[in-house]
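Supplied in structure tokens, the structure appears directly below.
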Amino acid sequence: MTSILSVKGVNKRFGGLQALGDVNLDVAENSCHAIIGPNGAGKSTLLNVLVGKLIPDSGSVVFDGQSVLGRQPHEINQMGISRVFQTPEIFADLSVMENMLIPCFAKRDGAFKMKAIGAVFGEKDMVQKAKEMLSEVGMLEKRDMIASSMSRGDKRRLEMAMCLVQDPRLLLLDEPTAGMARADTENTIELLKTIRKERGITMAIIEHDMNVVFSLAERITVLAQGTPLVEDIPDNIKGHPKVREAYLGEAQV
Amino acid sequence: MDQIIVQILNGLDKGSAYALIALGLTLIFGTLGVVNFAHGALFMMGAFCAVVLSRILNLSHEVTVPGETDFLGNPATKDVPYVYDWFGEAAGASIIDWAVPLAILFSIPIMVALGFAMERGLIKHFYKRPHADQILVTFGLAIVLGEVIKYYFGANPIQTPAPEALSGRVDFGVWLGYGPNAIVYPMWRLVYFFFSAAIIAGVFAFLQFTTFGMVVRAGMADRETVGLLGIDIDKRFTFMFGLAAAVAGLAGVMYAPIVSPAYTMGMDWLVLSFVVVVVGGMGSLPGAVLAGFMLGIIESFASLPAVVDLLPGINQIIIYLVAIAILLTRPRGLMGRKGVMED
Amino acid sequence: MSKSNFTRRGVIKTGALGAGALALPQYLRADGHAGFTNAPGDSEVVLGFNVPQTGPYADEGADELRAYELAVEHLNGGGDGGMLNTFSSKVLDGTGILGREVKYVTGDTQTKSDAARASARSMIEKDGAIMITGGSSSGVAVAVQALCQEAGVIFMAGLTHSNDTTGKDRKANGFRHFFNSYMTGAALAPVLAAQYGTDRKAYHLTADYNWGYTTEEAIRASTEAIGWETVNSVKTPLTQTDFSSYVAPVLNSGADVLVLNHYGGNMINSLTSAVQFGLREAQANGQNFEIVVPLYSRLMARGAGANVKGIFGSTNWHWSLQDEGSQAFVRSFGTKYGFPPSQAAHTTYVQTLLYADAVTRAGSFAPCAVAEALEDYEFDGLGNGKTLYRGSDHQCFKDVLVVKGKENPESEFDLLEVVEVTPVDQVMYSPDHPQMGGADASLGECNNGA
Amino acid sequence: MTDQTTQPSVTSPARASKGGMFGLSSKDTTLLLVVFAMVVLAPFILNPFPEGSGLAQFNAGYPDLMQRFVIFGIFAIGFNILFGLTGYLSFGHAAFLGVGSYAAMWSMKLFTLNVIPGILFAVIVAGLFAAAVGFISLRRSGIYFSILTLAFAQMSYALAYSVLTPLTGGETGLQIKNTDNPILSNIPEGEIGRANLFGAQMGNSYEMAVGNWLFTFNLGYYIAAAFMLVAFYLSIRIFRSPFGMMLRAVKSNQQRMNYTGLTPKTYTLYAFIISGMYAGLAGGLMVAMDTQVGPERMFWTASGEVVIMTILGGAGTLIGPVLGAGSIKYMENILSKINKDVLHQWFAFLPDGLEDAVVVFADIFVGKQWHFTLGIVFMLVVIFLPGGLVEGAQRITARFSRKKSSNNTPAE
């Protein structure tokens, strides 16, 4: 399998703290790759490096043959990487429909386009695309709601839809079920599974919750103290002694 | 060199007024998250406390002066202040002479009451409202306060002199080893500087060493957490508003002999004080003080003849130029905290 | 149907109303017989008093308004008649102007040229004002004067001291009774020479705008002519309140006179700073250090308090003058308001009378006729002695008062004393004087509007 | 009058694409037509009281004020595109108005007295200046941005007042003089040129008397009004366009925009430039209507005024800024002219003692105290109508139609 994202020898220090130490990671195309690790293992730092929010001290990050280092977050998105946040980042003051349309326009028109005259809803194909995506995640009837007035689960779902409507080559998920009730978590897992199955999008998940990871991931990298500990298929990770060791102290996960 | 020292003194003086006003402003939006466009007006109210007290002390009754006539040919009258009657002419005169320092005591209850009334009556309804609404309502209040003052005191600046004993000059140069008369500096300005320094130190000490202050500082850092601890932060914030008003008022009282109070001074100071606060960095008390002194000194130097000759007009814009330069090199001003009024 | 540049609302408001209701819709005919903007009807005439009512000069504006109200009262035959009784021209008889009762509208200039013009336009377009007067700064005077020129009404300037008003910015429809920077310089210099000697080194602090520039230019020229040397001149921002950083370098600059080309609050605060820094007690070049304030007003003297004692300056008029006209004015103003009038009140009162008189003598409200009646008109009895309204620049020429802060004031109004009345000949200049815009300056054509 | 807020209830696809004209939804079309009608009929609407009556004082239907209404309306509409949509609070917008005015003035002094080139020139110069200021100021956000814009405007003001006097006329400002002879206009020697549109002067008026009423139709006003209608129409289009949606996204969540592949700063910069051009247009029109420009036009209080107009009317709403601009200019020009004399006329019917008491009380709010009323109005509106005047209008409509307006959420 070809790898779509390849991280090589990435180091990042914050003052005296080695946040990432020589991280190597390959995410294969059309796979679901999970990155797990205890708190402070460097998961979030790694994610921020991938999306261009942080620039590593050394190493390389190559996406689909192109380096992402030094690029702005919006450029990286335009390359085909979408990110779902730990707490849903949506346009809270806008309607659900508008939330969907913005990524549609971003995908079609690029990072900036001056379209100051035509009406938003005059763009039939965009509206159509947004509607289709909304019905796929089961939110079509909520399209006129203000995003901020929805439940947390719906917000998460909306954010996911906003990412998916861009047809990303790689979807980065940052603890997609953090803080969710059990039922919501199950729903989210189901949703992600469906997306995986039907769309074949490559996913990289950063997750705390082992349950989520083992039901979704096809490959798992365990990060500890900024360094990859092991990388393997889920079944092998489950009983891996090093993983247990790393998670010691926060056992009941 | 002596010129440089004088300008540093001038800068420190101007800077202490900036610093006091900025300190109060920062206290208010650091603790309450409110943009107070009426803060300049509070400064103005303070200055008028001095005017009012001196008017009160000068309250007089008329005595006819025999054998003289006024400009219309009527019998001339002379005003004799009541304090003369009560304390005798000499003591009465010196009470009137000391009106401005006495106004410090006079102004504190007035300014604190004004601050309480503002916070309880108006500002507290605006904690959850957008900053734009806060700006509009406090700006409206500033206009109203200004107009009330104009209604009673007119628009002309009102001379409010320092006491005779403090309006002389200090031969400052001698202290530094210069010859006599090298650096002569008005005594009242030195008084103003030390007074301001004392107030600033007092506010910092209060926040640093009292439980009350610690809670407030914690509240500035993270309001929700402190609220969760079951501390009634609101009451303390009301008090902080009173404190901020008093600080602005005291700055105004003592400034009255330096710049004669006029109702326009609230608006004159409004913009500058915001520039000072923002240059210092939002939410940072030391930043506000530092920026105040820094801008005061820079402004003083920019008005030196040699500088103005070299760059005509520089004295008009220096504060803004410096503000731009600082904000572009330091995203949150000198010492600003992340996330305070950045959106 | 009417096509006009500015409306003739005065007519419909006062005259044509009764007939106006006849036809629906009736297109108003421009009172073609009159042929000028806002020609008044038969019973009333409306004057526009445009003064600062908010902002730093609001008190001065309030005093101007008092004087205007008094003038209107006198013109309409009320009160004791004030200076109507002492005015050399006797055509005004207390029956209004040309038999029409004088009405007035007021507005707020805010001491901003935009607001002043807006207010003046509203008076012309809405209220049908035939003449606009007032103001307390040269920026406003120049802006409103230009507007009146365009609109075709007469502008009788209020307090404006910059040379520009009747210098490079002079207009055919604008008239100024107040004196100007040049006259201040010319009147002050001989007194300064007599008081302080001719071997003096002056340091100027100048407000950084047009009036400051013309005043500094005038004072420099006239003091240098008597032998003074100008060692430095520093411009201070209009918005400055604390002048310490400008005043501090003065003492060691080698200068022995400080000239404060400041007006209003600027002057109050710069003088306060100068006194606090001890300039008044200082010695320089073996002489006493002196301060000069070219333009005084009572409000400034009041604001500066004891600091003005003994400081020389100039003023257009002072209520302590003993001539008949001044006394009459002080009496009627003082009786009505309880305190003596300021120079701003005096100049606006006089301007109103002069306008009414010119209309009466011309027998017409048409601006060009009024202008003609005012041009090169000589009069007396209005407090400044014999006065000439010069035709070539519409500036009044009269004696100038040199005053100084009184040592022992008896009341809050008794702050200045007249030191010398400089005769008009000394302050004369040619209309194309370089300080007055040189040969380029011209009044242009007078404009009747319509 | 109701207004469409930025809320999505009005932007659902079905309603947006049907029934309207000029590429607008039917609701927007209605709004535009209402505004059009009000602007065209303003000389009637603003002059409800007969000449000579006591209440004629409240008439606002004279050219100068009508011109000011639409010009400041344009200014506020433009400001709202930046502030209402992106949430970026510029505290220096008056600088663009001033720069536009100076540009138009110089175009008239040197080039032609026709107002069109002057106005275009004003828009272009203000746009360029806004691009420069915006490029620098938008490196920061929140109050830091506000102070940067304020600093630029204050510097422009201070320099225009003082050292730039040769260019700006300083305190006395610039007017057309009899020595000005624009190369494309043939002005007879010594005559003062006037602003015109292909020969027709801005001051030209057509007066109509109906009974005791007098209505003035002023050419300058209608030219300014035409610009205002176009500006208003464009602002509706911008509000409803993808660009406008992006601007609201900037206000809502810049982080999400970044991670959606968009550049919020670029969008904001363009909004800043557009809004600067609106300010320039307003500035150019001011000079066209009244050939004069002074530096106070750029003072921070002028910048503050447009902020207040927008908030007072209702930030982020389409019509709010126009209402806010209108009410402030109305108070400034009408209240300030009511003096004691006028009050005595009004209350002459009361017994003497009572009349005096009433006059003394009323005098606190008018004439030289008109600022006092202004301050009180600001406070009352923001306390009781958090969404500005538009919310007040909505509440009234809602009460009259007895319909629970569930979708009329506050405009902010």
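Lettered A, B, C and D in written order, each chain numbered from 1.
To be clear about the criterion, a contact is a pair of C-beta atoms (placed from the backbone, for glycine too) under 8 Å apart; a residue touches a chain by one contact, two chains touch by 3 or more.
Source: prediction; values computed, not measured.
> If I average the Cα coordinates per chain and compare with the overall Cα mean, which chain comes out closest?
Taking the mean of C-alpha atoms per chain, the most central one is D.
> If you average the Cα atoms of chain A and of chain C to get two centres, how far apart are those centres in Å?
Comparing mean C-alpha positions, chain C is 74 Å from chain A.
> Which integer distance in Å separates the CA centroid of chain B from that of chain C?
Centre-to-centre distance between chain B and chain C: 35 Å.
> Between chain A and chain B, what is the gap in Å from one C-alpha centre to the other?
The separation of the two C-alpha centroids amounts to 53 Å.
> Could you give the separation in Å between the centres of chain A and chain D, each centre being the mean of its C-alpha atoms?
46
> Quick check: what residues of chain D touch more than one other chain, meaning two or more?
158, 161-163, 371
> Identify all positions of chain C at which a residue touches two or more other chains, and write them in rising order.
Each of 54, 58, 62, 208, 235, 237, 239 in chain C touches at least two other chains.
> Taking each residue of chain B in turn, which ones touch at least two of the other chains?
In chain B, residues 150, 312-313, 316 touch at least two other chains, as defined above.
> Can you tell me, using the touch rule above, whether these chains form a line, ring, star, complete graph or other shape?
Topology of touching chains reads as other, fitting no named class.
> If two chains touch, include that pair; go through all of them.
Touching chain pairs, listed by label, are A-D, B-C, B-D, C-D.
> Can you name the residues of chain A that touch chain D in the complex?
Residue list for chain A touching chain D: 51, 72-75, 77-78, 82-83, 85, 89-95, 97-98, 101-103, 105-107, 109-123, 127, 143-144, 146, 162, 166.
> Sort out for me which residues of chain B touch chain C in the complex.
Within the complex, chain B touches chain C at residues 2-3, 6-7, 10-11, 13-14, 17, 70-72, 76, 150, 154-159, 161, 167, 169, 184-186, 188-189, 257-260, 262, 264-265, 268, 299-301, 303-305, 308, 312-313, 315-316.
> Which residues of chain D touch chain C once you look at their complex with the stated criterion?
Touching chain C from chain D are residues 51-52, 59, 62-65, 68, 158, 161-163, 165, 170-173, 175-179, 190-192, 194, 201, 203-212, 214, 216, 286, 290-292, 294, 296-297, 332-333, 336-337, 339, 341, 367-368, 370-371.
> In the complex formed with chain D, which residues of chain C make contact?
Within the complex, chain C contacts chain D at residues 1-9, 12-14, 16-17, 20-21, 24-28, 53-54, 58, 61-62, 65, 69, 104-108, 112-115, 117-119, 121-122, 125-126, 137-139, 142-143, 146-147, 149-151, 162, 164, 169, 208-211, 213, 235, 237-239, 440, 442, 444-445.
> Help me check something: in the complex, which residues belonging to chain C touch chain B?
Interface residues on the chain C side: 54-60, 62, 208, 232, 234-237, 239, 241-242, 244-246, 248-249, 251-253, 265, 268-269, 272-273, 276-278, 299, 302-307, 319-320, 330-331, 334-335, 340, 410-411, 413-414.
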